[in-house]
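Every chain is named by a letter (A, B, C and D) in the order it is written, and numbering of its residues begins at 1.
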Amino acid sequence: MSFNTFGKLFRFTTWGESHGPAIGCVVDGCPPNINLSEKDIQIDLDRRKPGKSKFTSQRKESDKVKILSGVFQGKTTGTPISMIIQNVDSKSRDYESIKNKFRPGHADYTYFLKYGIRDFRGGGRQSARETASRVAAGAVAKTVLKKIIGNKFKVIGAVVQLGILGCDVKNWNEKEIRKNPFFCPDKKSIKLWEKYLMSIRKAGSSCGAIIELRASGIPAGLGSPIYSKLDADIANALMSINAVKGVNIGAGMTSAFLSGEENSDEMRIVKKKTKFKSNNAGGILGGISSGQDIITSFAVKPTSSILNLRETINKKGKNTKISVRGRHDPCVGIRAVPIGEAMICCVLLDHYLMNRGQCS
Amino acid sequence: MSFNTFGKLFRFTTWGESHGPAIGCVVDGCPPNINLSEKDIQIDLDRRKPGKSKFTSQRKESDKVKILSGVFQGKTTGTPISMIIQNVDSKSRDYESIKNKFRPGHADYTYFLKYGIRDFRGGGRQSARETASRVAAGAVAKTVLKKIIGNKFKVIGAVVQLGILGCDVKNWNEKEIRKNPFFCPDKKSIKLWEKYLMSIRKAGSSCGAIIELRASGIPAGLGSPIYSKLDADIANALMSINAVKGVNIGAGMTSAFLSGEENSDEMRIVKKKTKFKSNNAGGILGGISSGQDIITSFAVKPTSSILNLRETINKKGKNTKISVRGRHDPCVGIRAVPIGEAMICCVLLDHYLMNRGQCS
Amino acid sequence: MSFNTFGKLFRFTTWGESHGPAIGCVVDGCPPNINLSEKDIQIDLDRRKPGKSKFTSQRKESDKVKILSGVFQGKTTGTPISMIIQNVDSKSRDYESIKNKFRPGHADYTYFLKYGIRDFRGGGRQSARETASRVAAGAVAKTVLKKIIGNKFKVIGAVVQLGILGCDVKNWNEKEIRKNPFFCPDKKSIKLWEKYLMSIRKAGSSCGAIIELRASGIPAGLGSPIYSKLDADIANALMSINAVKGVNIGAGMTSAFLSGEENSDEMRIVKKKTKFKSNNAGGILGGISSGQDIITSFAVKPTSSILNLRETINKKGKNTKISVRGRHDPCVGIRAVPIGEAMICCVLLDHYLMNRGQCS
Amino acid sequence: MSFNTFGKLFRFTTWGESHGPAIGCVVDGCPPNINLSEKDIQIDLDRRKPGKSKFTSQRKESDKVKILSGVFQGKTTGTPISMIIQNVDSKSRDYESIKNKFRPGHADYTYFLKYGIRDFRGGGRQSARETASRVAAGAVAKTVLKKIIGNKFKVIGAVVQLGILGCDVKNWNEKEIRKNPFFCPDKKSIKLWEKYLMSIRKAGSSCGAIIELRASGIPAGLGSPIYSKLDADIANALMSINAVKGVNIGAGMTSAFLSGEENSDEMRIVKKKTKFKSNNAGGILGGISSGQDIITSFAVKPTSSILNLRETINKKGKNTKISVRGRHDPCVGIRAVPIGEAMICCVLLDHYLMNRGQCS
């Protein structure tokens, strides 16, 4: 069971609503004796937090994390790590205009059908605000993996498609990703993306995005067939992020168009090490990591909250229209980058610990 | 934990290797008092089994299923249903040429790294032969869902892309799907597909495929946020199938290219029932079914076993070459259709049972 | 997996250390639309909290619970309920004398061997302070069960053995249990118990206890054979409480001494209802509730922290002695009564929800 | 979830009914590269099987196990191990006299209430025949533990109380246990036990038993607080065995009667090794193994199938009487010895694997 819990040996449970007093998570299964501070987590939270540029939501959240347990004298103790983030900018707003309407593209309708009750304040639990907790848990996982694997371990994500605009992935530049507000890996695309997104924002519209994640330094042997495959767990992890509608591993959907010769990655021994001549597999064969970089990508649908008037229904079963004002990201996909990275870190650490448990 | 077990309340555990004496599965959590016979399961196994046309593997397996427990006087009892399928056509073959080499695109290399031991007979556990067990479990799930939901319940899959050849999904015809050897939904494409696949087979090559699955009659409210979302569980289920590299829900990866206006499905009340004006969401919002048809698709990479000589390495860490002869599907994606359907049925029944457990 | 999580469909995850800033839990799987307030939980916390009489620890904890999520406008929403309790009376105390020694009977030694790190402040995570979180979760479960089952639902516990002193269970009186500081069900025993426990406290010693729990109004059919049996889950739940060393269901260990005729509970139809002529089974047959009262008992070992000097070893592997001063319960078994009740409520609700999920 | 599955990282799923064609189990999570043959499993099955002496059921089952998967060239491969045991002596018997009556003390009534259907053939799934599968799984666990830990690893059980007759545990003699039909550890008790049990059998009655299990060579550090404690998992494992009503760890229920001084086990360094001066804890502190022997005991209620006439009800809700003829053990507790050992082995291996996964 895993309603609000993710993972098997490294697990986190998240809680909290968009406009409740706070959100947070409990990380369980973290190995002991790892140096961990609030600062390690804050760095990643700051990368996700809203209001950093004009291209994201203007909600003002400092997203300051506090560790309540599981760390003693600067080190993890192996006991659960409880983290809490106060909701600051959730004060009373007028929900009258939308509280009885179901916003198209949002989960208002399905939550109401499932639970028979609706927290209309900013979407309540369905809000992407929950993802701050994931980022906190992911930061713990990343810290552990860095300690265990060393500096060669790295997970980095980038937006490779912004609405209808792609970028040249061959120009992938990590420093660039950290500098621009879009997590764009290709310097040449930034100017155009700026104009494009600004026009979308002004039009009261929104656009989708594709995020690519690259993990390097991953040991071979992670992943447990048949039903805890590394790629299946990654697909589960990424698809669980709000607004995600598609997940690729390596060549992904494109692999359908390839021939067997093009697709399967040939192998060579070079300087006594196994090298693959390509990476269509995305570093995973039979659900188990091969030692290559793990490459995955996912699509985020356009923000459903848009200004333009949309047809919908209300709680009484009547037809109506809705225009969602407020502080929305014109492209929620941008802030999904650190969230995707966090989920990958959690999946990898989980499988790392499982691999130790499972094998002789 | 779920190494070889899939599901939460409706769960199945599979076992068996490609060339062992038998394969099988244990289905647990099946509701009692459902009429179930071996025939109900055999129908679906026959749709998956090899050797049915010249476009699939020529391995001869009757795939006759035997129920060993859990059914008494023709009805399920609520206790585990054990099913067994004898391996018939697994007799001694010469593995000498490949037993010490790692076949590119296969999991030979990663299984060996993980387990330190290799069952070289037809891939052992990594073989897609395991999927027969999934189909058997899925047939149980389908039977239960038909009993619970009634005749409006239906899950049907089709190959919508065969290598570089698509088909016109607007011509989707269920009868047609059942008639042609490709599970192609569009009658107009079949001739061309035949020629194309025959040429690939003759060339000793292979191609990939995209399969689309449509489930109708699904009640709203299935799926448990945040980490047992219906779409995340579907992604997990489909990505766990051998050779699958990408999964879409609804518009999937394409949703990245849409605007908010294009993407979010508007709602209307028509004759006192909720109707959506489109289905980009694939019937799932916030991880919960909306009552619309559930639409999902997945990509299967081209068969890795091809005649053409490929570079690879062997167990001793030496460079070598390999050509995989034998009885292989030129497009494993074709036989993935009933497997995908089976997985969807299992996920849906699981969430159906969970939904009863969770809600008031 | 369930390091710090208990339950399947109704689940809670606890966190926090004896002397950290706070403790708490996240309750997941709670059905929606149930009235729930902090007061519902506080009532049970107050029954467990220390410092209420001279027979329990003098640590002063108000144990005020705060609900941070999962409740909206006074009702549960089906989303996780996060609860937090600040640690108040955990201010700096001199741990110098014990921080490098392993207290006999405590888990200092085993935690240190397992984790390689030790939180010496009041036992850290191993402290029975964690059980406040269980009581909070149990209060939620109880509230839900009362809503679902109605007023006939009741779980009540009592101390039936205090060290070497028993009591007459035939005099079981619920009102009496609520009045005396020992949760003793037999008014006639209280005076003697007072004297006995006072003498133990003055001697710097401690004693054990046996607690009996009775649950009534439980529907038949709860429990899932073979490995989620109701009694096996109860045994697991009670044995997980600090210092518990034995668990009985119904006649328990005593059943070994009975004949088949004495032990098996005969059945009669009385006024169209099934009646059992005895209840040696404790209301559970084959792991499934029979509709009788569920009767279980468990033994709590004597408090390990005693004044009298004991032989032990220290972190450096040297022999030494230890006398544990401080605020300890002379009999921790007393405060285990509300904890046991809480665990039973959680197990029962969990199986109640599972039963709905599993059966047709 | 674990309806018919036991364990976390080392897991087994059992299936099959008393009078179906076969029973069996699938063992998952077994480490690879361990020598394993059917003989390793048969040895333990033979210790449990019926018909070995006049003191057990006269059902004739050869209980021959067959391994269907997971072992290649004599070694485990890390993939699921499927084992099957044919039911031989389950041929048609006249159930007419009992098929519509609920046998007191059995689970007939509760299964029928839960599932609405009843497999009346020898109790169907509720029959203790299922425990043969546990013994098979336990034999795998034992083989793995012997390989990992070495010869110092040992789990041995004995009947220490047969009905009203105890034995002197100080005379515990392993060789003796293997020789007599009662698994009695004290040679001096055997004659008396023989007479006693023969008289019970002749009287058409039955008696209960207490079994003690001792595991030695267990590394310290196994067990995961708070909700995967080693003792809680043992309690769960033993209470899940048919007819078990009580479980003790170490001093168990008796610990209630001890003082703090008597109960807590003092520690000493002797020849650079940690020694405990007693073992009331049963080798477990705070849910984690201490390196001492793990001592646990459990009570088995008397066989419910007895000749003497008993009052009961039938499916139509009418009062009736029943006398259960057939091939029953006068004391089912005897054959519970190898079952208890098997469960302990499974729990220990599971925690051994978890400990590797969890800790740094």
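Convention: a residue touches a chain if its C-beta (ideal position, glycine included) is under 8 Å from a C-beta of that chain, and two chains touch if they have at least 3 such contacts.
Values in this document were obtained by computation on a predicted structure and should not be read as measured data.
Trainee: Please tell me whether the contact surfaces of chain B and chain D are same or different in residue numbering, using the over-half criterion.
Mentor: Mostly same residues: over half of the interface numbers shared.
Trainee: Of all chains present, which has the mean Cα position farthest from that of chain D?
Mentor: A
Trainee: For chain C and chain D, let me know how many angstrom lie between their CA-based centres, rounded off.
Mentor: Roughly 27 Å, centre to centre.
Trainee: If you average the CA atoms of chain B and of chain C, how far apart do the two points sit, in angstrom?
Mentor: 46
Trainee: When the centre of a chain is set as the mean of its C-alpha atoms, what distance in Å lies between chain B and chain D?
Mentor: Spacing between the chain centres: roughly 39 Å.
Trainee: For chain A, which residues are shared contacts with two or more other chains?
Mentor: Each of 1, 3-5, 8-9, 14, 29, 32-33, 78-79, 114-116, 125, 225, 358-360 in chain A touches at least two other chains.
Trainee: Along chain D, where are the residues that touch chain C in the complex?
Mentor: Chain D residues touching chain C: 1-6, 8, 14, 102, 104-107, 109-111, 113-116, 125-126, 130, 161, 163-164, 200, 205-210, 220-221, 223-229, 231-240, 242, 245-269, 272, 274, 277, 280-282, 284-291, 299-306, 308, 310-313, 317-319, 333, 355, 358-360.
Trainee: Which bits of chain D are touching chain B when the two form their complex?
Mentor: That would be residues 1, 3-5, 8-9, 11, 13-17, 20-24, 26, 28-29, 32-33, 68-70, 72, 75, 77-82, 84, 114-117, 119, 121, 124-125 of chain D.
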